[in-house]
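Only one structure is covered here, and it is reproduced in the block below.
By letter and in written order, the chains are A, B, C and D; residue numbering begins at 1 in each of them.
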Amino acid sequence: MEMISIWIAAILTLGIFSFLYKDNPLYKACEALFVGVSAAYWAIVFYFDNIYKKFYEGAVTADEPDYFLWIGAILGLLFLTRLIPKIGWVSRWPMALIVGATAGLWMVGYFVSNAMNQIGSTISGIIVYDTATGFVAWGETFGSLVILVGVLSGLVYFFFSKEHKGVFGATAKVGTWFLMVTFGASFGYTVMSRMSLLIGRVDFLLGDWLGILR
Amino acid sequence: MLSTIAMVLSLIVGLSLIYLLIRTIQGHPVERRIVFIYIGLAVVLPLLMNKTLPLPITKDVQKLYDQLEKLQPGSKVLCAFDYDPPSAPELQPMAVAFLKYAFKKDLKIIIMGLWPQGPQQAQQAIEEAMLDPIIAGKNLVQGEDWVNLGFQSGNEFVIQSMGTEFKRMFPKDNRHIAYGEIPLLQDVVNFSNVDFVINFSAGKPGTTEWVQFGVDRFGFEMVAGNTAVQAPMMYPYLRTGQLKGLLGGMSGAAEFEKILDEKGKASTFLLAQTFAHATVIIFIIIGNLAFFSSRKKKMAGTP
Amino acid sequence: MRRQIPILITTIAGLVFAISYFIPHDPFGESESIFGDWITIVQAFAVWLGALNLLKISFEKISSKSADWPYAAIIVVSLMGTLAVGFYDGYSGMAQDPQISFRDPGTNFDWLYRFIYTPLSATMFSMLAFFVASASYRAFRARNVQATLLLIAGFFVMGGRVPLFDMMISPITDFPVFSWFADWIMTYPNTAGQRAIMIGIALGIMSSSLRIILGIERSHIGGGSG
Amino acid sequence: MRLSSPNLTHNCLRIALFTLSLLLISLNAPLAQDAETAPDTAVVNTEPAADAAILAPLPAANVIAKDLPNDKGGAVLVSWELSPDDDGNGKVSGYLVQRSESKDGPFETAGNAVRGATKFTDNKTDDDKVYFYKVAAYFEYLDAADEKIRITSAATVTGPVQSSAQWFNMNRLYVLLFMLFVAGAIIFYIEKAKKGEEIYIRKIAGIDAVDEAVGRATEMGKKIFYIPGIQDMNDVQTIASIAILGRVAQMAAEYDTWLEVPVSKSMVLVTAREAMKEAYTKVGRPDALQDAQVHYLTDDQFGYAAAIDGMIVREKPATIFYMGAFFAESLILAETGNSVGAIQIAGTAMPAQLPFFVAACDYTLIGEELFAASAYLSREPRQLGSLKGQDMGKGLFILCIIVGVILATFDIWDMSVIFVSR
């Protein structure tokens, strides 16, 4: 059984990889299988972990049912009206709940974590002392200066209501340099990530399937 | 034997890159399928060589390790698995290494997922960790030493709600046992009762959400393992202390395995990773050499 | 009616979540939890909407015998089959003693996950490795100062995060120069750049959320900009 | 209902004012009453086991129980100083926290803490009740029969304490002030823009290049492709993209160049068609627009990328725009476009995809520039006002950083404390 399972997985893997040569019916079949299985996978997990465990057992079969949960389920059912174009507009109600709640949660969450805390961390004395020895920590001093300049110039670059001229323009230019180094770092890491994914698949093919590794 | 052949082959492949360079400079860039073959070989051949490479431990991984070392036996660690199979090559080795370390150290593990696939990846990681003879000898009991709470939909709203009560989001565990009947969770009401949080994340919802709606609201300490695509965006959080440590991508996983002394997949993948990076770098260089030489020609050609 | 109620829901939900950050006391604390419950349930239904919609589209394709109807048939069969396996495993697992989960190792559902879902999804994304290599050969040019800086930083990070360059210079020095430099780029300039982007995005989200809560922005409920 | 009606704006402001006043009231409301703590009131020895005399660890000192601050009630924070025996040598295995509703007991277990821990949050309290707590250090070992034996130290009773909910989280006061400033600025400038006041937006390099790019396609007699990303209309990036499309379409209509928009979502199809129609009508050539110019390909990410790939290779457009939300397909598209020698202008706020666009395209709008460009081109009050309001926020932050760094460098005041709310 184990053997057959691995063969199936290997054939599916190769089926997807066949796209690299060119688009072909095997790839399309594998893709269709992927779409079907993953949609059902999600549906099953959401059913058991949420609709069954949270709603059904919480509001229907529980000893002390939480009747509030019914409103959630009704809103959920309203969402399904999208399938019927005529009354599809009521699906805007649950949509409105999600969009509104997300807006409220994010408004504060992003502001606190991604703005306030970051500003707080950028504010520090220019000269950094080593806490253990009390001497100036030159590496960290230079590093935090780099961060200070980078954050300020980057913010200036994203300033849209003032023309980029003179000192302001020069600062914005420095800002773009920082952004480019940042993107370069991201680029390097993205390459690393993509290669890892491939290594994982090749490891499966060579190791689990063909058994020529280890 | 196999590894020798692989080494010879990779030498030949390396030399053929020179031909590629010449063709490209002459203005005949090769088809993309040829490039695909090179990348395939850059991954296949080193895997056959079966060699591990020395890797220095970066300070972010060291920081993470120091945090883990501070944990006392019996500490409760919430472990959020927020990834799916495509990211498993990067994150699964981290998760396995961490679980092995944690079980050996008698940490109590509470698993959950904001991604539907997360808890299933966790099951696989546990299965692998249990193969370790020391851990197998401990006869760990599900529900007492570790528990898998499963998945809950709602993304960041789950974290927000867990701030008040875990039970509200996870009324029963993975095996359908009521929250209140699980011995490990007797004292655990919300984040204030867990000692530490670790998050393995491949995107949204993930570490960003855990920082924004968990750490910054409920004030627990957290470290994270991230896919490399996402890791650069986490560095600002690392500097503020919103994150106490970070493992980024395959190299982070390999360093983590090294520092925990748990040799795993990531360490064996490192050579292939190195070859793949080298190939991409060489391709960028070849492409740019061709670009500049053609630009020179163009300039020389215009009177 | 069709417009006002959704706007009212949006505003109330938004205010509850924004205000409860500052005011933990009821009614905000408790309504936040109740809203949170509803949202998790609505999202679960939304996933089902996706699956049902996929079925609907696929059936339409099959019945109209459009060009790619056989693939639509594969989608329908695989979707129904996986659902059947999942429901069977889920319910029968709960009936067992001790109870097991549908995602425990050894179940049929886990088999589907390991040998069908995992290879398909993982391979789909691993193809990006090939595309990124081909793009770096054919498109990534140091065409201007910006792209040059980007490629140089990328070069050091790519080379420094694996023991590539450091092994090359190991005859000269044992100190991992490139690894150290990659680390430096990540810790300082990268942090600075990411931070500037983050702050900008935070303000952007703040303003769009504000407009949504105040009802100025309403594209999500199908209303135009007004 | 039109949005700019004074009525609605009024309502918005009223809501904002209401919120503000609510928050201000709550500020003045009496803050949490911490229950008095009465440390060291009594020493209660737990029944010592026969052989425990030697093994029992020294107790935890200075046990304090108080209401958990800034919460919605139902929790008491118990803290203590480590037992002198808890020095990492294993003489203490953990701490047992017990509570009772009366000073004399009986005490029940509230929870356990690991060794080295100095606090425990009891999340199971009733706000109407008064509690007493005691904390004992304990040592655990397995006896000959492999039974777990626990020996507890003496413990001090502390209390009474009562949990309560707070009306305002004082740690978050500064966050509120900063948020009110930014929100106020945004609303103020939206109002201003609605009244028709001019709001300046700086030039954006990629947008200036649009003219040139469209012109080149016209000269060469080739097509222009406009790719709006793979997200639906609920993504702000797609919305911004459609606004930019309007402007590009207008120029294409003027020059009489074929502009083609392949989309991956049906909602985007409808919106893009409308935007195109409006643009062609504006320059007086509504009949020049054909339905085939905007067409749907597929919802699937890689399917969409592969289809566009094919179109680019077959038709060799002179100019390609990528504006909107892109994911992993970005590099496939940009590479193919580059290989046919097209001028490429990209814009996205997806940080992970920006590197690929910057390296493979001629111009790239970075992050917020995409939104700025759409405000710049559409001149819509909502967008212009928001952008200006956000700039005010950035200005404030820049100012704070500069002042804060100067103050910190000269050791005058550490301003970072008001930004960090953890």
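As a convention for this text, a contact is a pair of C-beta atoms (placed from the backbone, for glycine too) under 8 Å apart; a residue touches a chain by one contact, two chains touch by 3 or more.
Predicted model only: the values in this text are computed from it and were never measured.
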Joint neighbours of subunit D and subunit C, given as chain labels: A, B
Chain centroid nearest the full-protein CA centroid: A
Separation of subunit A from subunit D, taking each centre as the mean of its C-alpha atoms, in whole Å: 12
CA centroid of subunit B to CA centroid of subunit C, Å: 16
Inter-chain centre distance, subunit A versus subunit C - centres from mean C-alpha coordinates, in Å: 4
Contacts with 2+ other chains: residues of subunit B: 36, 39-40, 43, 86, 88-89, 117, 150, 152-153, 157, 160, 164-165, 169, 176, 215-216, 229, 232-233, 236, 239-240, 242, 248-249, 251, 273, 276-277, 280
For subunit C, residues that touch 2 or more chains besides their own: 11, 15, 17, 19, 21, 29, 36-37, 39-41, 43-44, 47, 103, 113-114, 117-118, 121-122, 124-130, 132, 134, 136, 138-141, 143, 146-147, 150-151, 154-155, 158, 161-162, 186-187, 190-191, 194-195, 197-201, 203, 206, 208, 210, 220
Residue numbers of subunit D (touch at least two other chains): 72, 172, 175, 179, 182, 234, 302, 351-352, 355-356, 358-359, 367-368, 393-394, 397, 420-422
Graph class of chain-chain contacts, one of line, ring, star, complete, other: complete
Of all residues in subunit A, those that touch subunit B in their complex: 20-21, 41-42, 45-46, 49-50, 53-54, 57-58, 101, 105, 109-110, 112-114, 117-118, 120-121, 147, 182, 185-186, 189-193, 195-203, 206, 212-214
Interfacial residue positions of subunit D with respect to subunit C in the complex: 1-4, 8, 11-12, 15-16, 19, 22-23, 26, 70-73, 165-169, 172, 175-176, 179, 182-183, 186-187, 190, 233-234, 236, 239, 302, 328, 331-332, 334-335, 338-339, 349, 351, 355-356, 358-360, 362, 367-368, 371, 380, 382, 386, 389-390, 393-394, 397
Subunit D contact footprint on subunit A (complex, rising order): 23, 31, 35, 99, 107-108, 111-112, 115-117, 119-127, 148, 151-152, 155-156, 158-164, 179-180, 183-184, 186-187, 190
In the complex, subunit D residues that touch subunit B: 68, 72, 75, 93-94, 111-112, 114-117, 120-121, 123-124, 351-352, 420-422
Subunit B to subunit A touching residues, read off their complex: 2, 33, 36, 39-40, 43-44, 47-48, 50, 86-90, 116-117, 150-153, 156-157, 160, 169, 171-172, 176, 211-213, 215-216, 227-229, 231-233, 236-237, 239-242, 248-251, 265, 269, 272-273, 276-277, 280
